[in-house]
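Labels run A, B, C, D, E, F and G following the written order; every chain starts at residue 1.
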């Protein structure tokens, strides 16, 4: 019964896309930083679901790595990107 | 164990890494010693090719197309000899140039080692994807060298250069992707029989993409925009390496691919390439005539001289004249431009100025360096008995033989334009110096290396037979 | 390496090697520099003598080096080569002596003598080039080596003169190169040959060969200062006097004229050139140049410029002689190559003496110069009279042969051209002689740098060379019939070019 | 039974994700949006992981999935705090409207 | 149309979009991003085209991994240069003229 | 990290924990024990360097109670946000409160800051060195402060520390 | 007006290029060379179990060697742009984030070793492991635990170069066997693991270095 995992994964993917768009368009630069949080939670969810749906256990490792890396990205964003050279 | 093919790549990688371990600014003596060995290896390889013809080295022992082959033929052996022969004196020069420990030297030796390894690897590569990696190796090393001074001008120039190099590589890479999709291999040797004039459209597009990417890296008009600031803004030894060798690498690749693999397709673009070459000669020379900065003049001259290389394509024929002309021009220009940048570096250090105006009087004060500049200029003008002259001779002969008159006019006009901008410098140098102009002593070794390189570009005109027999061997 | 190869290379090396050493000598090493200069000049003279003896004994001297497959660098010493080589070697010795005196104490002498030696090397190479490729190599080398000499003084005027010089000569070189590569494509690498080598191509190539001839003659015509390609020569007179003397009386313009001879006699072959209708136009160009140069000389108040226009005119005597079909005209042209060189170098030496000793640069300032500098003025007078074709001078000999040659070729108009030129020569030289000898000296010379030392009017090193060449001007006429005269040598050459039908 | 529980957990997880996204879209300022992500999305992930762990083939695989949750929670808390702190430092005032705009 | 072809087609589009970006976009950060989009497009074409018949091909996959590392390296260098330029001049674009 | 001042006990405990984690990561495979040991030692060494061991007794019972409290409140927090997000009118009344923490500095305080972010209605926004914490709340009308105190009590019990002078 | 026209022209040209490219790709016949079969046939001698890893470190290991060079070069370039002799002082710490870093970094070390091991049997290996290790260093730097880089000292330089150097030494040593990187099948697995282990450390340092050196220009530490 991999259909369920795949459909939940797709649903989460749709959520992720919508949220990413919202975050990128957010009024403040801080909203853009939410991207890292989104990948950390939704991205990891999508990956573990896909791992189960496609029987690719290695995707769980990717999810685990992503959870760690997304945190770093978020902290880095918060420290630097806010007034980085993107001109915000 | 002593296959020079492998060592020509591994040795510079070793000393580049060792220089890094030694620490910022160190490694000059190591580099010079290793370059001596590399010269020996390159000559050994050339001798092997003359005796035994082209050969390959199967990396990993697998053999193409599963593994990666390295291949050497006449053309690549020539380029290897040229590279080591230019790098060695420039290393001696750089050691003196950076003796004061300027910031630019901190990673100079390491970056140079990687650059040379990349060049050697590129000349020896026989695999489209491996070529991509070597192109990146060369490109990033070169950008690092340009940026190393760290001034705003240098950083901007390096960025411009980096964008050109990266976009060039990624275009090339898409070409490789299409070729792999079409034929399932990236080995040149395996591909050669598979590509013919009835190739599917994707292969044509791949060919065009790779050509465009490499042209961007070669800085042929109208893709030249990045070259003058990069070559004109870097420290003299770096400018010399870049102008003499790095742009030649991508040209070499265009030439080799269009000879070995894409010959049926490349012929259709030949005239267009020739016209771009002509435009490069005109535009580069015009800018060299206008600029007030001596180093920019030399850099624009590179743009113009690269134009000659592209005149080769419409004249490629079984008689081999144009190929000989192109190779001779690449070698002669390499030596001459290295000499010229080296000489200009000396003049700028001595006068403390970077404009032509500042050169007044150097004819009396630094005759040897000016002589080196003049000799190199003679090669650029294509006057005898330089290697540039032989190149021009061969080009004109090829054009006349095929009844393609227009190229003769281009070659002749290009030579006269070169004379015009070279003599701008010499003329200024012969002017009387203002009485109060400052003058700083410069190590003699720098003057002599410039002179040796210039003399080599001159004497090349007397030793064409050996070069051409090497070129003919194994191709 | 065979001895004969070594000998011919030694001729080149006798100026090249000292030149290269001089380049790196410190400015202060005067004695070593002088020694090297004189050693080279004397050695070259001796070597040329050896070769002259050998060639007249039928020996062949040559050296060949393959530069590219099918492209050879060839130097060889044949009779024609030695005619020019001897002239250059002799005059180099005198000019070197003169230049040592002339440049005493001035800056950048190492550079000057270095390039000076390179020029002589290039001239020797031009003389002994065995094919068009080699000729071109040395021809362009001459251009490059003379530029630093022209701009030696570093003044804006010198720079302008140098730029004009380059523009003309490099442009001419480009045309020459195109023509040479074209021929190379048609025939492959072929050496100069008596009677030419192009006739073998046959009549199909007539049009092409005519066009190539145009390219080649235009190319060498720049250096030979054929009108309208002569514009650089008067401008290049800003150079120091020894440069004007050797280069613009001997090396550069002669290289052009010599090139015309090689092309007509040993590439096309004079008979084949005649059959392609190339000689008459060439003669016409020479005629125009002769008259125009003489005419312009009339109006020059600057002494060196007057001499320069005179050169424009006189060098085309050589071209005219070459273009006159028939051996007599050839002899006239060839012998004038030597005679004009001796006479014109005398004139330039003298002009240099006036300038260096008294600061006199203009014809109008020469009043009374004969009293102040009698020996210089005597030498000047002999050479000037020679230029006019006065009896007992070298000029008379060459002019006589040229007039006979014009008659032999049936080109009587050429005779009239020569007569006109003689009249004009007299018109611009006689006033100078009159001023120098007959008019009173001014109270003060413009800039008297060398005071008279007793009976000696100026430095020995400045005085001896013009006297020697003036004497040679007379000797060449008096001993014209001897076995070793330039005339005898020219007849030997002409005999070979016309397959033995010699008067 | 396990199948059913697992599916239910997945559905609940999806619901929390959805709620988080809606919150992100509807909430008025950066702080309130942070609430949405920090709480709803993480809870969603927890349910999804639990649902998948139920159907894992080995104990190790199940534990590996469950291991991800504390990791993600810690990361999320740290990042949320970092962003909120940054926003505070930059003087972004919390939204004070009584009603939604 | 196989899955591989869809990847390859998407890659072609991405590459082109990135190219347009590199040509038209001034701000360096976005230009670097555009270059990365180009690279991703090329990688997709490489992998997608090779497995358009369904079977996975490890050779282009390995090449893409190599390519990604190279792209990361290039991007890092580009970012460093862009930042340095910003630090030195305050500019976030390259000027239009050749003389910087 | 030098071997000399290596606290052996802590090293063994942490190394064992990491070895267990390795076993989980490696999907229970046992053929990788060599590399696994390297990984566990490296991770334990890094951990000792970054978090030097502190004498601290954590009771199992307290841990379980804390975890239960935390999980329950996480669920509540999630539900609360979900309801607010999906309601026609979210009914937000955000505010930033500042409270002084009674917990001692170090791990207890940090755990608290992290935990409140995941609990209903609150979000840690700044922790000062003197123990003052700025908290963003979704609805100022809710008893967030009281819940915070409850959390504080749980954490104090977990670490076996006394709560200092609360204000 | 002109920029707008240029824009339009570029976009139009690009669209037609993309279209042509897609059509050309659809039109491709099946390739004549089939490398997956060759990879499959030689897996046994490759020393690893995963085909991508086999291609990456054995069949096309030479590409990978040069690629590591490219990565090192990028770091050299970054260092060369603005070499500062003294390392900048560590950023002021922030306890909440710092605590996370102290907890996560050791875990990341473990995960890195795990990814290195997993490379032999599934996609992964030195590059991913190095990336995680580098990320750990970045995290420690971001939270003020690890100072930024000035000019790297000898030990750091050795760490940065070690992976590349090991790779290079193996390549050179195997030249004695006949060719660069020609592993004897019996030793292939061990040698590849050795190379990958070295690469993991060096790549981690390089990636961290790229970030840390980059951060010198951010103005944060000033």
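Convention: contacts are C-beta pairs under 8 Å (C-beta built on N, C-alpha and C of every residue); 3 or more make two chains touch, one makes a residue touch a chain.
It should be emphasised that the depicted structure is a prediction, and the values quoted were computed from it without experimental measurement.
Asks: Tell me, which chains sit next to both chain A and chain F?
Replies: Touching chain A and chain F alike, sorted by label: D, G.
Asks: Let me spell it out: compute each chain's centre from its C-alpha atoms, then which one is farthest from chain C's centre?
Replies: In terms of C-alpha centroids, the chain at the greatest distance from chain C is F.
Asks: For this structure, which two chains share the highest number of contact pairs?
Replies: The largest set of C-beta contacts joins the chains B-G.
Asks: Need the CA-centroid distance for the pair chain C / chain F, whole Å please.
Replies: The answer is 101 Å.
Asks: When the C-alpha atoms of chain D and chain G are each averaged to a single point, how far apart are the two points in Å?
Replies: Whole-Å distance between the two chain centres: 31.
Asks: Could you give the separation in Å between the centres of chain A and chain E, each centre being the mean of its C-alpha atoms?
Replies: 21
Asks: Rounded to a whole Å, what is the gap between the Cα centroids of chain B and chain C?
Replies: Computed value for the inter-centroid distance: 42 Å.
Asks: Could you pull out the residues of chain C that touch at least 2 other chains?
Replies: If we look for residues of chain C contacting two or more partner chains, we find none.
Asks: Counting only residues that touch at least 2 other chains, which ones in chain A make the list?
Replies: Answer for chain A, listing residues that touch two or more other chains: 57, 61, 64, 68, 71, 75, 79, 84.
Asks: Chain B: which residues touch two or more other chains?
Replies: Residues 129, 133, 136, 140, 143-144, 147, 150, 155, 158, 178, 180-181, 184.
Asks: Enumerate the contact residues on chain F facing chain G in the complex.
Replies: For this pair, the touching residues of chain F are 14, 18, 21-22, 25-26, 32, 35-36, 38-40, 42-44, 46-47, 50-51, 105, 107, 109-110, 113-114, 124, 127.
Asks: Taking the complex as given, what residues does chain D use to touch chain F?
Replies: 15-16, 19-20, 22-23, 26-29, 31-32, 34-36, 38-40, 42-44, 46, 58-61, 63-64, 67, 73-74, 76-78, 80-81, 84-85, 87-89, 94-96, 98-100
Asks: Per the contact definition, I'd like the list of chain C residues that touch chain B in the complex.
Replies: 23-24, 65-69, 71, 73, 107-108, 110-111, 136-138, 140-141, 143-144, 147-148, 151-152, 154-156, 158-159, 162-163, 166, 170-171, 173-174, 177-178, 181-182, 184-185
Asks: Which residues of chain A touch chain G in their complex?
Replies: For this pair, the touching residues of chain A are 57-58, 61, 64-65, 68-69, 71-72, 75-76, 79-80, 84.
Asks: Can you tell me which positions in chain G touch chain B when the two form their complex?
Replies: It comes out as residues 20-21, 23-25, 27-29, 31-35, 38-39, 42, 58-63, 66-67, 69-70, 72-74, 76-77, 79-83, 151, 154, 157-158, 160-161, 164-165, 168, 171-172, 175-183.
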